[in-house]
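Each in C-alpha cells, the structures are laid out below.
Note that subunit A is present in both complexes that follow, paired respectively with subunit B and with subunit C.
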Partner chain A sequence: MSTYKVKRRDFLKITGLSGASAALAACDMPTTITLEEGEEDVVSYLMPEEYVIPGIGVWYASTCRQCDAACGIIGRVREGRVLKLEGNPQSPINQGALCQIGQAALQVHYNPDRLKQPKIRQGGRLIDASWDEAFDVLKSHIGPDSGIDGSRIAWLSGTVSGHQRVLMDAVSEALGGAGHYAHEILNDTVVDKVNAEVYGSTNIQYKIAEAQVVLSIGADFLSTWGSPVHNSVQYGKFRDAPRGVLIQAEPRMTVTGGSADLWLPVRPGAEGALAMTIAAELVASHGADAKTLPQAVADQLGQYDLASAEEQTGVAADLIEKAADFLATRGPSLVIAGGTAAAHEHGYEAVTAAAMLNVLLGNVGKTIIPVADFPYSALAPKKGDTAQLAAFAKKARAGDISVALITGTNPVYTAPEQLDMVGALNAVKVKIAFAEFIDETSAMADVILPLCSDLESWGTHVASYQTTDAIISLQQPLMEPLYAQTRSLGDVLLAIMKLHNAEQYGPFADYYGYLRNVIAAVPAVAKEGLGDEAYWQAGLQKGMLTVAASAIVSAPLVEAADDAAGNEEAKEMVDNVASEDSFTFALPVYEKDKDFPLRLVPSASSRLGDGRFANLPWLQEAPDAITKIVWNSWVEMHPATALHYGIKQGDIVRVSGEDGSVEAQVYLHKGINKDAIAVPMGQGHTEYGRYASGRGVNPLKMVAVETDSHSGEIALCATRVTVENTGRNEELVKMGGSESQVGRKLVGTITADQLRRV
Partner chain B sequence: MTYGLIPEKASQCNSNNVSRFGMVFSLLLLFFAGSAYAQVPNAVAPKGDHDGKHVEQPIEFPHDIHARDNKINCMYCHTYARRGNVAGIPPTSKCMGCHAVIATEKPRIKQLTEYWQKGESPKWKKVHDLPDFVHFNHEKHLNRFIFNNEGMEVERADEVCAFCHGEIKEMTVARKVKPLNMGFCRQCHEDNNGPSDCWKCHK
Partner chain C sequence: MSLENILKDWSKYRRGHEEGGHHDYEHMWGMAIDLDKCTGCNACSVACYAENNLAVVGEEKFSKGQAMHWLRIERYWDEPDLGENRVNEYQIHGASFLPMNCQQCNAATCEPVCPVAATYHTPDGLNAQVYNRCIGSRYCSNNCPYRLRYFNFFSYYEDSWPEPLQMQLNPDISVRDKGVMEKCTFCVQRIRKAKDDAAREQRDVLDGDIKTACQQSCATQAIVFGDLLDEDSVVSKVWKKHEVALGKASQNKANPDKRGYRVLEGLNTDPCIMFLERVREV
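Our next item is the complex of A and B:
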C-alpha cells in the first residue's frame, strides 16, 4: 500500500470529485432553488405601493407580544414578508433595544408547527375542519341561541389588556356574566399588593438610572422581572460614571445576580429576614431613623442583628454589613423586591420588609415613584396569577363550568400537579381554544380556532409595567396572514360580539375597523391638537398612542412617615397601615425539614420563560446565561451540597418532593445557596411542537401548592425536596469550554491573603 | 479585430516572451481600440458567452418590439434597477398602464388582460440568477456606467444592460447569453477598476 503514491494534485482531484458526488446525492431532495434558467418562478407585483422597491426593506412599527412589557418594535418588511425585528427607538419602554425573546417572535410567526386549520374533536381525535364549521360549533355553545347559563361559561386567559380585554369583557357581559380567570405562573401579584399598601399604587416606576446603589432582593430585573428591556436600558445609565453599585440577594444566581458587585446567596425563604437584618444594621450603625417605619415593623427590628444573620439568612454577616454600608453611604439608593423573594409562604412579608428599606432610606418619591393607575381602566391589563387559576380549577371540578374559552395560557403545563388541571378541564364539557399552537392545554380542547400570529394581527396593549406616561401600545400587522384559515384574536372576539349584538358591532367590517373607530373616539384633549387621522397615523408610525401624562400619587405611608415625629393624623395613617390584618408581619424562623432538607427553586430565564418559548429553536440553542447549557434541563447545586450527597458534575439525579420528582443532569456552581436546588422551568413539554416536546423536565409539576399568606398566590420556591443520585452520568451539553486552566496559568491568580502580604 | 481580444493580449504581455515594446504597443492599441470601438464611454465590456436555452414563459413577452422597435428605455419597465439590488420584473399594473389602450386585440395582450382581471401576476420563469452567496447590486453598476459616467447618456442604458444580459432588444423573451460566473465578473472588475475585495460580493 505504501508503494502506491498519490500525488497531492490527484488527491485534491479525488476529494473534489467525491465532494461533488456528495453534493449531487444531496440534490435528491426536491428544490426549486437552482441557478438553471427557467426552473424558478419569479412573480412580479400586481400593483405595488409607490415606495416599494424589491430588495429594499420598509420598517413598520408595532408592539412586541412575547411578554407583557409591551416593548415597541420595528419590523423590516421586504417583498411582503417580515424578516427582522428590532426595538423601536421611539418607545419610552425599550428605547430601541429588544431582547432575544423579542427577536425570536419571528420564529413564532414562521414556526412550522403553527396551527393552519381549525380542529374539531370527533371520536376523541382532533380533526381538521373549515373555519366556518368550527365557528358554527362555537356558535352552538355560546351563540345567542345556545340557551346556556352565562355563569357556567368561563374565560381562561393569560394577561390581557387593551381592546382585546374590552371585547373579552363585552363577550362575558353578553353571555350574562361569564367569569374571567387570568393565569400567569410568573406574576407579580404579591409585589402589587405590597405596593398598593405601602406606596398607595400598584403602578410603580423604579428609577434605576437615578440611583447610585441598587439592592435587588429576588428580582431578576435585567432578564425576567418587570420590564426587563426597559430596566436594562436604565441599568446601562446606572452603570455610567459615576458607576452605581448593584447588590443582588437571591438563592440562585440570575443574569442580574451575575452582573452584581455584591451577590448575597440568601437561603430560599429568608429574603425577608435579610431585608430586616439590613434595616436593623442601618438603624444600629448608620443612624437611620426607625421612627419612619410603621410600629409593627419597628418592633420587630430588634429580633435581627448581624450576629444571628448568617444562621437566619445563610448570608455571611460581613456581606450584609457591606450591603448596609453601600446603601447608607452611596445615595440615592433603591431597593427592589420580587421574583423569588415573593415566591414563599411569607413572600408578602419579605417584599414588605424590602419596601420598608425604601421607606427607611427615604427613596419613595425619589427613586421609587408611585403613579396613578392607567387612566382608561377598561384597557388596563387584567393580570394573570395562580389564585385565579386555582379558583377556576375548583369551580370546574365542582362541575360548575360547562364551557371554557381558553386563550394565551397553558395551565396544563404550568400548573402544579396538585391543582389537577387535567381533571379540572375534563370536568368542563366544552373547551374552546383560540391558539396558535397545539400545546398541552389546547390539546385537550374540543374545538380549536387557529389564531394569526402576533405579527399578522391588529391590537392595542397596555404594558403591565407603565414606565413613563400612560401609553397605549399599537400592534400593527407586519404582513398578511400566512394561512387563510387563521384569524386574529380581535377578529374572533368581534365575530362573537356580532352574534350577540349585531346592531352595535355589525358595522365594523373587521377588528381593524373596530380599533380605528374606538381610537377616533379618544377625547380631543388626549390627541395633543392633532386631527383624528393625523393622530392615528402618528400612532402607527410610532407604534403607540400617548393618552395621558402620568400623575404622581402620594404614598400614604411615606407622607405619614415624614411627619411621624409629631403629626397625630399622620401617625394614625401609619398605624392604620401597620395595624391592619394584612400587615401582621410574622416572619418565620428558618427550620430545616429532615426528610426534605432542600428547597426547590424553579428558575425563570429570558430563554424559555415559563415554557411558552420552548418551541423557538433560537431560544433553545441560545445558551443559558449562567450555565451555558443548551436544549436541555439541568439541576443546579452548590458544590458543597453535592459533596454531601456524593454527586458530581453531570450526574443524573432525582429531585423529589412530596408532590413528584424530576430527573436531570447536575450542574455544579457556587452561584447558588447551599440549601437551594434550582431546576429551570420551560422544558418537559409533552405537546407544543417538534422543538419543545419530549425535551428535559418540567419542575413546575412538582411544586407543592403552598400559598403566600396574604395574596393566596402559589409560593413557587417553597417546595421542600431531597436529591438522590441515580448513578448515571452524562456529559453536559453546553457552550463554553473548560472552567479550569489545566495548570497552564493562562490568567495568573493569587489568593487575597497573598495579595495583602505583597 | 474585436476589442474584446485586446485585454487577453495585454495579459500575455506579462509573460517574459513579449518585449517591453510589445507591451506598450498593446496598451496603446487597447487605448485606441477602446476609444474607437467601445460604445459606452469609460467602460470595458465584460467578455464571455453562454448559450442559454430558450425558456418558455407564460406570455411570450417581446423585448424586441418594446426596446428595439419602440425604443422604450429598459429602466422604464425595470424601474427598480437603479434603486436597489434587483432590477425587478415590472409590476402588472405597469404593463396595463399602456396596454389598457394599446394593442388590446393582440392575443398576448388579451392573455395579459386576463391575468390583470383575475388580480394575478403571471408566473414568469427566472432566466438570470446568481447563487445566494453572491451579492450583486444593480444600482451600483448603473451608477458607475450610466448616471455617474461622464459622456454617457441615459437614453443608451440598453448598451450597459447588454454587458451582462446580451442584446435583449433583439430577443422576444430573455435568454441567458452571458456566463455570469465569477471569472466573468472578476475580469470586468479588473478592466474597469471595480472593487476586488472578496466581501464586496460575498457577504
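Our next item is the complex of A and C:
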C-alpha cells in the first residue's frame, strides 16, 4: 500500500473544486470556511446568503444594454452567477422576447478578454496599475487642481441616456463646459430630422400590428432598425388573420426583406425615386389627392411614372404597380423608411418622399403616431451620429482638445479612413478610456479605467425609440463584479463629481445610493399612490419606472393638409409649413458611373452590429440570416453582375473605391440589386480580443465621406466601387449545403388566396 | 443492458405509431412552428446555445460540418441560380426560413440502429439521448433524415469556454465530452423542473408551465410547445385546427388549404414538430 497521502487541499485541487471556490470567492459570497492552510475558501451553503437557495435559480429584472432599444430582461441567478437572460414579459417594449444579441450579453460579461485591471501608458506601452493609481492620473488631468481649461476637454461616447447622461453632463459642467460628442455609425439622424419636420416629433410610434399593409423602404425593422424586438412582436400580430402584407424595398435583402411578400430590389440611392414613383402611381391610378402634399413635392410627381421606373430605380414597373395597388386597396397602410434608404447624399429626400406616402395615404395619426419628447429632457438619450464625430476630429486635429474622455464608442474602428481618427486622437494629449475591452480606440488611450459589465452595474436608461409610454428602464446588477479592480460607469462618474462637488455628491456612498436618491425625488403624481420605497421596489421587480403616458402630438404638415383639398388658404399653410427650414426637394436622376459602376452597401446585421459584437463567440458562430456564412467576411453580388465580371461563387474578389479596398470571398444570390455590392460590417478588427481580431475585413474603412445634403450625416451607402477577381477561390464556410429545396417540401408555401379560403 | 433484454423489451424502447403506442404515454411533448411568422432572426438558436451548454467550435470545425447548433435556421431560395431565360431575376418573394431542431419522431429512425440503446423513447414521447451510454458509433446521426444529431468529435470544454466563460454553463445539464452524440432535448431540464414543481404542489403539469428556450426568445411567437395528449393545450389545438395528427405518414385533410405539415412526413418517422406553411401574397 502506498504511503503517499493526498492532502485534502490537493484533493480539492485535483477534483477541480478549488477552481470553483476561487470563482465563487470572486463573487464575494459571505460565508466561507477556510481550509487548513488558509489560502483557499470553500463556500458553505449551510448558511446561504439571503434569497439564495442552492440549486434553485431566481430571476431578477434588469435592462438589456446591447443596443439602445432598452428591452427589459430577466436574468437567472443561481449560486451568485447569472446563467441565462430572457426577455421580461412585463416590459412593454420587448414583451418577453429577446434577440440573439441580447442573449449574448452573457458573453460580454463572462468574456475571457475583459479588462480586469486598470492600465496606464508608460514608455509607449499600457502597463497594469491599481484602480487608485489610474484614478490619480485621471485626477491630475481633470481634477479640480488640474488647472485645465474645460473647453479643452471632450467626452467621446456612444448614445447615452438616463442618469449616466445626467452625470456626464454634470461632469462637463463642473469642468467648465467640456464638449460632448456622441458617435454611432448606425444612427437615425436623417430619419429623426424628417420626422420632426413632417410629423412634428422625432418620437414616432409605428403601429405595425394595426396596419394591413406595410411598405418599408430600407428599414430593416425586424432586425437592425428602430426597436427590432418590439417591431417583431408587432409583426407576429400583423401576420395573424386578417394577414397583413409586407413589402420591402432595399438594395440588399435583410432579415425583414427575407420575410416580405414582395421584395423590391431598389438600386442604392434610388429609394426616393421609388417612393415618388409609387406616389405618382397612387395619384394616377388610385385617386390619391396630390393636393395634400407640399407644392415642392407635388410639382415633381410629374417626373415619375411606371414607364421610366425600371430605368430610374432598378425595380420592374409591374412590381411597383403591385406595391401601389396593395397600399391603395389593403389599408390601413404604413410606410417606414430609414436604414439604407437614408444612407445617401439625398437620404433626406428619400425619407421625406416615403413620409409623403404616409401623408398621401392618410396614415398619420393612425398607424404613424407622433408622440411628445420624453418628459425629463435631462434623461433623454443623447443620440450618437457621425457628424458629431467629424466635429470632434476637426477640433482635435486643430489642437483644441487636450483631454478626451472616451466610453462606449469605437470610432477608430467604425469611422471611415478619410476621417483619420487615429490622427485626430494622436493630436489629443491625454486620452482616458472607460472600457470593458481593449478595442481599437481604447488601445490608443493613455489611461484605461476598466468598467464593470452591464450585468454588474446599476443604471437608468431611456430608449432611443419610444415605443410605448414614457418609461425609465432600470438596470440592476445581476451579480457581484467578477473583478475587484473594475467599477461601473455610474460609479466612475460619481467619483469624478465628488472631486468637484463634494458637498452635493459626497453623501452618496455609491451610484446605487445616488440613483435611489434621485428616484425618491420623482414627483408623487408619477408614483400613482405608491410610497417611495414601494415605487422603487415595484420598479426593481418590473425593471422599469413608468413616468408618464405618451402624449400624442399633432403633425403640423398633416393638420394643414387635412383641410387643404379645395381650400386655398389651407393649401398655402401646407406649403408654408413645408417651406420652413428651407424645404428643398431635389432627387438625383440616375446616371451610370463608368469608372466605379457599383455602389457599396456596408450591410448591418443583428449578429455583429457595427462591430461591437464581434468578440462574442455565439454571434460569430451564428450564421448570417441571408448568406448563412459564419466567422468571416464576404462580398454579396448578384449572379448577373458576377457573370459580367467573370466571378464565381467562392472567388476572392477585391472591391475597390477611391478611398480604399477590401478583399473577401463572394457569395452570389439574387437578393441583391445588380448595381450593388454588399460587404457586412463587423469584422476586420485589429484589436478586441481573441474572437474578433484578425478576422475578415472592415468595409467601413473604405466608405467615402459623402454626407446627406440636409442633415450632414455620413452617407454610408454612397461609395462607388468596382470589383475585380483575384483569381483565388475557396470554399465558403457556411451552414447548409443546398441553396434550394430540390423539390422537397421542407418549407411549404401557400398563396394568400389559399389562406383566405380556409 | 444486454442484447437479450433489448430484444425482449423492444416494444418498450420503440413504440411506433403503428400500434398507436403514444396514447398511453404520460405526455407527448410536441411543437408547432409557424413559418409565416418566423423571420429567421436566429434568436432561438442563440437562446439554445445559452440554455443547453452548446459548444462553439470555431470556423475550421464549422467548415467540416462539426457545428453543434441543436436548433439551426435553414435558409432556402426559391430559385437560387439565374436560370436559362432569366425569368426570375430577383428573389421577389423573399427567402424561406426553416428552424430545424430534433423532430422528436415517434417512429425515430435513429433509435433502432443504436447498438447500445443510448437513444430511446421516454414515456413523455421524447426521443432521449443517454450520454453515459453512448459509445459514439454515430449510427443514429447517419440514420437521421433531418441531420439533426450532433457528434462531439472533440472535447470542447477547454476551447469553447475559456475562463471565465465556463461560469455561464447551465448547471442543470451536463457538458458533453468527446465521443458522445447530442441533440435537442426539448429542454428536458425545463420539463423536469415543471414536473417536479407540479408534483410538489400535487397537481398536473399545466399547459404553459414549460417554455422551451427557443420558444421563450421568439418575438413573433412562431413557436408553440406543449403536450399533444392534453386536448386543451394550445399546441394540440393548433395541430387539430390544421388537421395534422400523429400516427400518419400523410394527412388526409378535409380542407387542403390548411397550412399544417410535417417535414419529410412520408418517410414515416412521425415527427412531433408540425410546421405551418409560409404564406405569400403574390
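Here is the rule we go by: the second predicted complex is superposed on the first by the 680 of 758 C-alpha atoms of A that agree within 3 Å, B and C clash if a C-alpha of one lies under 4 Å from a C-alpha of the other, contacts with A are read in each partner's own complex, and residues count from 1 in each chain.
Please note the rule applied: a contact is a pair of C-beta atoms (placed from the backbone, for glycine too) under 8 Å apart; a residue touches a chain by one contact, two chains touch by 3 or more.
Predicted, not measured: the structure shown is a model, and the values here were computed from it.
Peer 1: When the two structures are overlaid on chain A, which partner does A:643 contact: first (subunit B), second (subunit C), both, or neither?
Peer 2: Second partner only.
Peer 1: When the two structures are overlaid on chain A, which partner does A:54 contact: first (subunit B), second (subunit C), both, or neither?
Peer 2: After superposition on chain A, A:54 lies in contact with subunit B alone.
Peer 1: Between subunit B (first) and subunit C (second), which does A:749 come into contact with in this model arrangement: first, second, both, or neither?
Peer 2: In the superposition, A:749 touches subunit C alone.
Peer 1: Between subunit C and subunit B, which one touches more residues of subunit A when both complexes sit on the common chain A?
Peer 2: Between subunit B and subunit C, C touches the greater number of residues in subunit A.
Peer 1: Determine, under the contact definition given at the top, whether A:507 touches first (subunit B), second (subunit C), both, or neither.
Peer 2: neither
Peer 1: Should A:144 be classified as contacting the first partner (subunit B), the second (subunit C), both, or neither?
Peer 2: neither
Peer 1: Applying the document's definition of touch, where does A:85 land relative to subunit B and subunit C: first, second, both, or neither?
Peer 2: It touches subunit C, and subunit B stays clear.
Peer 1: Kindly classify A:302 by the partners it touches after superposition: subunit B alone (first), subunit C alone (second), both, or neither?
Peer 2: neither
Peer 1: Can you list the residues of subunit A that touch subunit B in one structure and subunit C in the other?
Peer 2: Common to the two interfaces on subunit A: residues 55.
Peer 1: In their shared complex, at which residues does subunit B touch subunit A?
Peer 2: Within the complex, subunit B contacts subunit A at residues 52-53, 55-56, 80, 83-86, 88-93, 116, 119-132, 175-176.
Peer 1: Going by the contact rule at the top, pick out the subunit C residues touching subunit A in the complex.
Peer 2: For subunit C paired with subunit A, touching residues are 34-37, 39-43, 45-47, 49-51, 56-59, 62-63, 67, 69, 72-82, 86, 88-98, 160, 162-165, 167-171, 213, 216-222, 255, 257-259, 261, 263-264, 275, 277-282.
Peer 1: Which part of subunit A faces subunit C closely enough to touch in the complex?
Peer 2: 23, 55, 78-79, 81-87, 94-100, 102-104, 106-107, 109-112, 222-223, 229, 232-233, 235-236, 239, 243, 245, 248, 253, 255-265, 319, 322, 326, 482, 606-607, 617-623, 625-626, 628, 630-632, 639-640, 643, 669-671, 674, 690, 731, 733, 735-736, 738-741, 744-752, 754-755, 757-758
Peer 1: Okay, in this complex, where on subunit A does subunit B touch?
Peer 2: Subunit A residues touching subunit B: 33-35, 37-48, 53-56.
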